[in-house]
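Below are two complexes that have chain A in common, paired first with chain B and then with chain C.
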Partner chain A sequence: MTTVEERPPTRAGAPAPATPAPAPRRRRAFTTRRGLVVAAFMLPAAIFVGVFIYYPMLAGSQMAFRHWNLSNLTDTSWIGLQNFATIFADPAFGVILGNSVLWVVASIVPQLVIGFALALWLRRKFRFRGLYQALIFFPWAISGFLIGILFRWMFNGEFGVVNDLLMKTGVIDQGIPWLAQPDTAMFAVIIANIWYGVTFFAIMILAALQSVPDELFEAAALDGAGKVRTLFKITIPYISTTLALTVLLRVIWIFNFPDIIWAMTGGGPANQTHIITTWMITFTQKGDYGVASALGLIVVGLLLVFSAFYLMALRGKKEVSS
Partner chain B sequence: MIVTETTPARIARIGFLGLWLVITIFPLYWIIVTSFKAPGDIFSYPLQYWPAEFSFENYVQLFEKADFGTYVVNSLVVSTAAATVATLISLLSAYVLARFEFRSKSAILMAFLVTQMIPTFIALGPLYLLMVELGLVDDRFGLILVYVAVCIPFCTIMLRGFFANIPDALEEAAMIDGCSRLGALFRVIVPVMKPGIVAAFIFNFVNCWNELFLSVTLMNKDENKTIPTALNGFITSFNIDWGSMSAAAVLTILPTMLLFAFASRYIVQGLTAGAVKG
Partner chain C sequence: MANGKVLTGLGIGLAATLAFSGCSGAADDGTVTLQMVESLTNPARTELLETLIDEFEQENPGIEVELVSPPTDQADQKIQQMLQSGTGVDVLEVRDLTVGPFSTNGWLADMGPEFEGWKGWDALTDNAKNVATAGGKTYFIPYGFYGISLFYRTDLVEEAGFDGAPVSWEDLLEQASAIQDPEANTYGYAFRGGTNGYSNAALVIEAYVADDLDLENAYRLKNGDSMFSAPEALDAMELYIDLFEQASPPSSVAWGYPEMVEGFSNGSTAFLLQDPEVIAAVEQSTAITADQWTTAPMLVGPSGTAIQPLATAGWGIAEASEHRAESAKLIQFLSEGDASIRFTEGNSLVPILNGADEAEFYKTGAWESYLTMNEQPETYITAVQPRGVAWWTEWADKADAELQQVLIGQLTTEELLASWDAYWTEKWAAE
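So, the complex of A and B:
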């Protein structure tokens, strides 16, 4: 696994051999030692990740093609694509797939916009900026599951503070049973997710913004470009790669993020807030690992296709612009 | 940089930043307020934005009825052990990945990145079966092993970013002075990199402290549950006792918040170094 490249060690300060004859031996001894160091230092990490992540992941992948239910472990025969057929035949699947896409898109767009605005405004130095950043960073210290609990309590139909505030400000006359009806439940879980994810975008975009040289802004100001023009013609193009990769990472991550929904609605009412990963957990809990694994593979497949298209589009755009 | 700011722009900026701060803080405020209300007051109308009467009843209930102390101890033991071991192991792998060139390097980095993208749920079933075979179901040691594995990939990527900021002349000098490589790493680099290592440890600790689905799968007996697993039990039961739940949420959130407040600067640095440059 950890073979060391047969390249002269440039960094370690081995003197370049003056005569070619004795050099190979010396170099080789040196590289072998370096190889041993690499292997020894990498080994613990490789063992842990291999045994407890990659092995179960690969084993899970093949379970997708077997009958594999904890209730009947005597029969674990290969059944081909039957688990997939079960999934596609379920009328819930279409709804859940739609929910998953809605969950990702409706969460990520506001996160990006709000995060971008925060980053732009946080770029300017002001008193207490450090404190401010620490404070808006705090959702990250909380697990998605607890965030779900927090928002489940706030969106409570009878004693929820959301209803109370909306009624006090006259937006609604009557409390809404947010989590009991499909449309509002989906809305509520997405709001919770937006709240949680904005910080991540703010951090990444702020870091990227700090790499934009000030001269660019000064030049734009000299040319008389307004704020909006500067934003769209200079700032966004300059950090577009970071933006694009952050969005890609977040799409993958949010697609795989069931915690908030799990705590707020458990997928209900009547499956209407399930996304693929929460649905998958219900199968895991029933012990039906075959179907759960098949769903997992569907997720991986969807994300691979999406990533491929996204990266292709990104590359195409770059070639055009350069 | 930008020299002038017009008054409307200033108002817009301060207004926006202020509004977002309120939105960010409010849920926390609300859960804390709820946790200190007397049980009857939680379901009183109109809602109390400040407890009419400060009560510790919810916290008392939590420890008397729900045996919350056991869950706290379990979470503490598992998170501390896993975060420590994972940070140590990641320190070694990050060092190698930052300082050496070798053929499988990019493959290893890719393998670590992939673990962050593929749903871990696909591994839940086989992991459970594996732990059954190892006799480690309902065993804190087993959960620690799994958490170490889960922490390693991101922790390695993060620490690698920190290594990039430290000149390698430092450990070379130590090695010329007669240190072994391991000696140079622990005697010279670790002290310099302390903030990064502390941040990585805290990040790992908080992740383990907050983890739900692996622990739900592997810990079945009540006396083995970690806090999130126990809370998951509270929530699936038909009626949620919101008083105890709020108290539990506060007790779960506060330690991690304090830790994050302490390390957030370095964690941000690690996040961005690992991701933007990677």
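So, the complex of A and C:
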């Protein structure tokens, strides 16, 4: 096993610290023959990815620059950026972009916090832990659309269980039409998404926590560190890579996750709970695949920019801390 | 090693043969396998359809039918994909909403030649014949019609002091407002503000402009303008918004089909405008008993007439089908005699066959209102909405969103009607 020693960054022009140069690693020559063998092994997977991922992506992308409407496919002429212009000219676009950001941020923060707390609790050894784990992870096995339908009935203003509970406990004295008002509808869909996504964080964080050696916690206890200090100085730094990747994955997934909103509100009332991907569905339903594809490219662009900044920020943070 | 390669090759060949044998085609013994795709799928309907297909196969030993039943909400997209690929479908369910785009793209066969001399033509009602030969081409044969009636609670109407069901839209507002009692969890009208909410708004406007309406295009007036431009349309929409504000559940701004039916079935709402397929759903309710509800004819406007929009769907043949004669045979079997009657009764549809509505089934209980409407065609006027236009889905999306804007106070009824009028005027001008 080779251990890699991380060296602190140096300022340009500053003399290098007097540390011994690391021994040169032995590298195996990458010959053409070896390269061909590797390529031959990778070829089936590359073909699979090419046919099922990249080809549809490219084929879909070119639709964004064409008039591609299922109502009349006899005209699929090249129209340049007109589909993008249609999107940016729509007054709903600003609201929908704002909703998309709110949807991600307001969902992911509680999911992370609650998921983390659940994972910490499940890491402890106690009776029926397996049963609790199964119960907590169960929602992840249900389709998002089904969850949406379930919550649509729960948040129904007249015969939903949410109003019933709130009225019986005296929190409200008359039912709230949750899904009929823009603000409460957005709140309701975010609550449903938080409930659904907590389990993913719990699963990922629990898996990471189980890799933290018990000796670290024992050492911290011997040094007199309290629970909060142990959490922030031992636990979180140790699993930070998993946390960072989980957050990145979840941001991408939540941004691209229309199921719950679609099932609960269909983007209504009056487009006020649409995020970009639910809005995209309305265009596919209208048969306007050109505009839908343009929206798809916008989503890809936004997520690429976010991922690049996020990873750069993480890298910068890591370098500073090291 | 060489044997291994040969075996691999044979294996791939066998797998490919098995995979392609699923596609429609003629077997060595001459048996033709037809692929049939349905759209408005539900388990009971699929079961009935399979029974009818079994009977067809027994009558036609050389033809086998494979029924594809995608979930309803994905079915039309699935059908589009199958048609676009150009293979894999012979007979398909064509809706009045999909016939426009499907035929424009050249995906539907004109079944005229195959139905030339078909003995079943004479048995079809005039409405069925008109739909089947619209535009001079036969893209589908309807299997039935969807007609709207007013589902209402007889007990609540009586308790509120009325001696019968509402006849007009104004009566409905009066009765629903009287019944509305949110504290008792009782509401007047199961308002449709969510998906397809615009369709009920169009119904009330059509009733208000009935005398001036072009019956071949029920969004247009006889003078060529859109119905949304008529002064009566504003009266209609104001009444409709009153119905929401004074006599409907507040959350019905987001209600679609399931919530409306549930609202009526669970006893929360007193009135519901729906297709007859809901009769079966309400009959299964445990919250209200058979003597607590029934249906009434469509609501009339100020002129005393109502417009009954003709919604329909049926069976058509894909242009790419290589078995048109066999496909036509299947459609003819489903469109005549006992098979047609069983399908319309089993799915609570208005029948396509002359005289079929005189069966006992259509004369009792909740079906009586349909009989009344059939007997009074001058009062309950049948009209064709322009549901076949290529932009119908785009219209539905726009109209739903704007109706919701009115309901939550972001748009006025005047602005709504001006927007709808401008939309249709522009579309028709571009035709």
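Definition applied: the second predicted complex is superposed on the first by the 268 of 322 C-alpha atoms of A that agree within 3 Å, B and C clash if a C-alpha of one lies under 4 Å from a C-alpha of the other, contacts with A are read in each partner's own complex, and residues count from 1 in each chain.
Here is the rule we use: a residue touches a chain if its C-beta (ideal position, glycine included) is under 8 Å from a C-beta of that chain, and two chains touch if they have at least 3 such contacts.
Here the structure is a predicted model, which means the values were calculated and not measured.
Participant: Which partner does A:V228 contact after superposing on A: first (chain B), second (chain C), both, neither?
Facilitator: In the superposition, A:V228 contacts neither chain B nor chain C.
Participant: Could you tell me if A:V171 is touching chain B, chain C, both of them or neither one (first, second, both, neither)?
Facilitator: neither
Participant: Looking only at chain A, is it chain B or chain C that touches more of its residues?
Facilitator: More residues of chain A are touched by B.
Participant: I'd like to know which partner A:S71 touches here: chain B for first, chain C for second, both or neither.
Facilitator: Second partner only.
Participant: Check the residue A:A180 against both partner chains and state whether it touches chain B (first), chain C (second), both, or neither.
Facilitator: In the superposition, A:A180 contacts chain C only.
Participant: Counting only touches as set out at the top, which of chain B and chain C does A:P269 meet: first, second, both, neither?
Facilitator: A:P269: touches chain C, not chain B.
Participant: With both complexes superposed on chain A, which partner does A:G157 reach: first (chain B), second (chain C), both or neither?
Facilitator: In the superposition, A:G157 contacts chain C only.
Participant: If we overlay the two complexes on their shared chain A, which of chain B and chain C does A:K286 touch? Say first, second, both or neither.
Facilitator: The second partner, chain C, only.
Participant: Under the contact definition given at the top, report the residues of chain A touching chain B in one complex and chain C in the other.
Facilitator: Overlap of chain B and chain C footprints on chain A: residues 156, 158-159, 266, 284.
Participant: Can you name the residues of chain A that touch chain C in the complex?
Facilitator: Touch list, chain A to chain C: 70-74, 156-159, 174-175, 177-182, 185, 265-266, 268-272, 282, 284-288.
Participant: Any idea which chain C residues touch chain A in the complex?
Facilitator: Residue positions touching the partner: 77, 80, 84, 100-101, 104-106, 182, 185, 187, 193-195, 249-254, 256, 259, 262-263, 266, 268, 390-391, 393-394, 397, 400-402, 404-405, 407-408, 410.
Participant: Spell out the part of chain B that touches chain A in their complex, as residue ranges.
Facilitator: Its residues touching chain A are 1-2, 5, 9, 13, 16-17, 20-21, 23-25, 27-28, 30-31, 34, 42-43, 45-47, 89-90, 92-93, 95-96, 99-104, 108, 111-112, 115-127, 129-130, 145-146, 148-150, 152-153, 156, 168, 172, 181, 206, 209-213, 217, 228, 231-232, 235-236, 242, 245-246, 249, 252-253, 256-257, 259-261, 264-265, 268, 271-272, 275-276.
Participant: What does chain A use to touch chain B in their complex?
Facilitator: The touching residues are 1-5, 7, 11-13, 34-35, 37-38, 41-42, 44-46, 48-49, 51-57, 59-61, 63, 68, 114, 117-118, 121-124, 130, 132-147, 149-154, 156, 158-159, 161, 164, 195, 198, 203-204, 207-208, 211, 214, 217-218, 221, 227, 242, 245-246, 249, 252-253, 256, 258-259, 262-263, 266, 277, 280-281, 284, 289, 292-293, 296-297, 299-300, 303.
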